[in-house]
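Some structures to go through are shown next.
Here chain A shows up in two complexes: once beside chain B, once beside chain C.
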Partner chain A sequence: MTHLLVLPILIPLGTAIVLLLLRANPMGRRIVIGISGLSILVADIVLLTSIYQKGIHSYQVGGWSAPFGIVMVGDLLSGIMLVLASVISLSALSYSFGYLKKEAQQALFHPLFFFMWAGTNGAFLTGDIFNLFVMFEVMLMSIYALLVMLGEKKQIEAGFKLISMGLFTSALFLAAAGGIYAFAGTLNMADLALKIKPHVDHPLVSAIAMMFIGVFGLKAAMMPFHFWLPDVHSAAPTPISAMLSGILIKVGVYAIIRVFCLIFVDLQGYFQGFILTMACITMFVGALGAVAQTDIKRLLAYSSVSQIGYILMGVGFFTVGGMSAALFYIISHGVIKSSLFLAAGILKKMRGSTEMSDHGDMINTSPAFTTIFFIGVISLGGIPPSGGFFMKFQLIKAGLDGAFYIPVIVAFMVSLMTLFYLFRSWQKICLSGPPQGNPLARPSVKLLIPVGILAMLCLVLGLAASPVSGLTQAAAEQLFSPELYIRAVMGAM
Partner chain B sequence: MKLLLPVVIGVLFGGGTYLMLKKNILKLVLGLGLISHGANVLLISSGWIGAGAVPILGQDGTEGFVDPVPQALVLTAIVIGFAALAFLLVLAIRVYRDLKTADISEIRGQRG
Partner chain C sequence: MTSLIFKSITKTVSPILMIFSLYLLLRGHQMPGGGFIAGLMTSAGLVLIYLAYGCDFFDWHKRSRFFYYLFSGGLALSFLTGLAGLFIGGTFLKSGVAHVEMPFIHESWEFASAGIFDIGVYLVVCGVCVSLMTLLGEEE
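On to the complex of A and B.
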């Protein structure tokens, strides 16, 4: 098999190291970032098309065959997540040049950013539970540093919360990995699926599955574990907020999908009620929190909690339709939420505050900003013709097809709340009269361009909904035939 | 030995949880350290310890060896845990300097 599968990890890793060496050379750094950022995007797209045409890819690192060596696996789900990650990362990267004014900040920011990117891509590609842990740590460690990098008071505070949470999660993850190794004697996910299948009634298996839900739920901000997210996502520097809400909380959802569609396939029915209940509560609590916010970044962060509930609901149906809808939701929410966060960063740059009451009259100050923000609002609110309409439509259709009426009703109610808090914030920021204090400066074009591109993508997702949902449908079908994955890793049996 | 390890793991997890419930920021950090060591010991114990021999090839037979995989894993885990804990300690100092308090319930600048 080709070496294509390791490129999405190796390129960002190499780039990060080169960037560290080029600390004193801003121009060189810019060239390296541009070239390698684009080449990661190209590699991801090539990988996705190759997976789509030829089926699941696997790569034995160092030539040690599974289950003994380290294995990288690319199926459609990983391919989709990789492309999404690179689109959002590229926008956040180009935005960071306008956002971080000082060269010293950029020299610190960009290597860490690429380390984070490498960890994220690694988490999507690994086929081994322990490597998943290591990739999570690579990603988290970079996030810790990126979060507290600017040294603002609330960032230090949020950083302390995030790292305490992260350390605890790591310990839990290690304990779960140790438990599953003691039980099955392997850490390779495909091998685990084979070894666990005959013993699925063993109480230890369901206990470990529950621990994995806890670990990944903490990363994804599922309901009892959502408390850290609003602080962290709103305090982080804006390009990192966009990355956190756009892609990094989805890493947790990705891991839940991977574990429950491969290792614990037979426990899907057992955990369905729990996941659906938690999804509904997550949706509702997040929206309730968002309604009460006066700070636009905190509002968006609470909204992310609520939207994670929607995604988990699609996953919790455990049907092909539900999974396909959840994947479509992951894609469109990633694009929409990162564009909204980046737009909030523009507000912060204009007046040094993200409180909604400090802003107003954007419709006269910057019609472009108003339009972009409006596109984000209607997309997240689920109004056609944006991609957001199709994400909600597919999810609700999948729920009705599977006769899950209560989650569907909750989803409808929360949608109304979503519309309310989004339009209220848009109205406050864009339509209300000019704020007190200095007259507003125009937002810089450098910042508007990446946000505008993401907003265009929201609309494109609505217009091109059918090819994208064809892709997610294929990915969902692949997820529900785990024997394909196992055969790709373990070879013919 | 068979009984000792579960007791050690239990004490580490229990003590860590107890310390984390305290209000002092340093105790939280120490508690997290204890819990991650508990997880490390748990991981080590997943490869049979008992009276197992050192897993070095070249001696006779393949029976009676300790499983070397968890030892390799735990080495990685210790390094990662150490780095994260060191970072957390530095941040704890920053929090103490910024807020002039080591009381966790005072750290509530971002509520709501």
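On to the complex of A and C.
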């Protein structure tokens, strides 16, 4: 049995503990963070290639066999999400050294960050509904603390919103997990898939499926539940905003994909209309909110809501092409949005504000920043040769292939709005005349490097779109043959 | 909160709480009990002492660093138990069992390595509870 599968959880967990113990030693902490951050990335990439070559991996924690013990399962979807998480986390981590000035802040920040990372990776790897709940909690607990850590008034307010939302979601999740356990007598996802299949017409099953949509929709900020996101994502310390928008809202989408491509496979058609409608409304409402914002971080947060709508639309097609496009969208949106958030953090560092009217003339102050921001803008706007073009192109192509014309029309309209609000913000921050007040200092290179790397990745995703979309295509095909997953977990049956 | 009644009750109740919590900790592997509940019970005893006798009795605030390392160490202990399972037993969190002949009472006591994991959890819960209490009780 290979232990590769648990490494993405064990390394961050161990690192967090070591960092707690190294409170008094800043230099030692940096070395530990560097080494283990890179080793998580390497472990994730090795895991992804191993899954790609050998098929789905499963691992029984504690040696208890499948339907009874705790299983970890890695398929291509988990592998892709893990690699994405580690790329974004590494950039956010290296950015945090320049962003958080005080040693005491870093002493608290980094252990919590690694706990959050462990929770995220755990959510991607677990093969069990209850452990998904536990991993969500590990992730959320760390986020609560990270969000209010700097103690600004806005952050405390956002923290209150996030905690109320989180507690409500957890209660609902627990109720849904309890319901499905009462119905099927198991919590293992592969086992559930087998047990639910004959009873798919039972009204309780669709009720539970609806509850899961609610729970994961809340996490992913799907339309009626998007209210918490703009406050939380804009108030959080910038490296955390990048993590939240880049990867953590995708955990919700991941869970929707996992649940509907494994447990409730036969309910896909039943919920398709609902998911697509919600996706279209989410897209539109998010973009509408973004157009009205004057604060760059809030604008980006609303834009995240809108982009989640695009991803859910790809999921809602329930075709291989749609799923593949949604996965490509998750990857490129994660990279783009976190680079944009980190760029907004540079603005905050320079003038202590993220209001767009407080900034201007960045093209003369810092051409590097202007370029990076521009790459982010064209990527999210979907202009070639960036990764953003291919993410939208694939999604719309999948929609046309499946004859979903109305969602495609909405997606086109929202794309125009996206272009409008992004270019307006870029024009205001970079091209308009110099702002009132003190002359601007140059942004520090320490902060520009991680953002620049992410911006480069946006372009790489565009230039090397075909290997990436080959990978997402394989992942989508794997998702639509759930018997592979079940066989990997339950053994030959 | 420093009435004579409260102080006298604390004097009897908190030792009982702590001894009973150790009992829960040690039987937790097979029977109801375990690290989490035992840790909560011990910290309930500590909280009683804190409320009845105040900061001066134990110098809580000067020891906050000790409690910090208590919970970090507990976390490390639990994690290392899991890792030991990986290296010795074959999978993460694999538990081993040994039967130990107890001296004097001549009974076999089943010792599971999950017990060490529980002790780690116990330390985490105690450390976190007391740290929280001292943080909340701190003057600005």
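Just so it is clear, the second predicted complex is superposed on the first by the 493 of 493 C-alpha atoms of A that agree within 3 Å, B and C clash if a C-alpha of one lies under 4 Å from a C-alpha of the other, contacts with A are read in each partner's own complex, and residues count from 1 in each chain.
What we mean here is this: a residue touches a chain if its C-beta (ideal position, glycine included) is under 8 Å from a C-beta of that chain, and two chains touch if they have at least 3 such contacts.
Values in this document were obtained by computation on a predicted structure and should not be read as measured data.
**Q** Both complexes share chain A, so when I overlay them there, do chain B and chain C fit or clash?
**A** Partners fit side by side after overlay.
**Q** Using the superposed model, measure off the angle between the directions from the CA centre of chain A to chain B and to chain C, in steps of 10°.
**A** It works out to roughly 40 degrees.
**Q** Examine A:21 and indicate which partner it touches, taking first as chain B and second as chain C; both and neither are also allowed.
**A** The second partner, chain C, only.
**Q** Kindly classify A:159 by the partners it touches after superposition: chain B alone (first), chain C alone (second), both, or neither?
**A** first
**Q** For A:191 in the superposed arrangement: first (chain B), second (chain C), both or neither?
**A** In the superposition, A:191 touches no partner, neither chain B nor chain C.
**Q** By residue count, is chain A touched more by chain B or by chain C?
**A** Touching more residues of chain A than the other partner does is B.
**Q** I'd like to know which partner A:75 touches here: chain B for first, chain C for second, both or neither.
**A** Touch partners of A:75: none, neither chain B nor chain C.
**Q** With both complexes superposed on chain A, which partner does A:60 reach: first (chain B), second (chain C), both or neither?
**A** second
**Q** Per the contact definition in the header, classify A:358: touching chain B only (first), chain C only (second), both, or neither.
**A** In the superposition, A:358 touches no partner, neither chain B nor chain C.
**Q** Taking the superposition as given, does A:3 touch the first partner, chain B, the second, chain C, both, or neither?
**A** In the superposed model, A:3 contacts chain C only, not chain B.
**Q** After overlaying the two complexes, what is the shortest C-alpha distance between chain B and chain C, in Å?
**A** Between chain B and chain C, the shortest C-alpha distance works out to 8 Å.
**Q** List the residues on chain B that touch chain A in their complex, please.
**A** Checking each residue of chain B against chain A gives 25, 28-29, 32, 35-36, 38-40, 42-47, 67, 69-70, 73, 76-77, 80-81, 83-85, 87-88, 91-92, 94-95, 98-99, 107, 109-110, 112.
**Q** Hey, which residues of chain A end up touching chain B in the complex?
**A** 130, 133-134, 137, 140-141, 144-145, 148, 153-154, 156-160, 163-164, 166-168, 170-172, 174-175, 177-179, 181-182, 185, 187, 230-231, 234-235, 292-293, 298
**Q** Inside the complex, what are the residues of chain C that reach chain A?
**A** It is residues 68-69, 72-73, 75-76, 79, 82-83, 85-86, 89-95 of chain C that touch chain A.
**Q** For the complex, give me every residue of chain A touching chain C.
**A** 1, 3, 6, 10, 13-14, 17-18, 20-21, 23, 59-63
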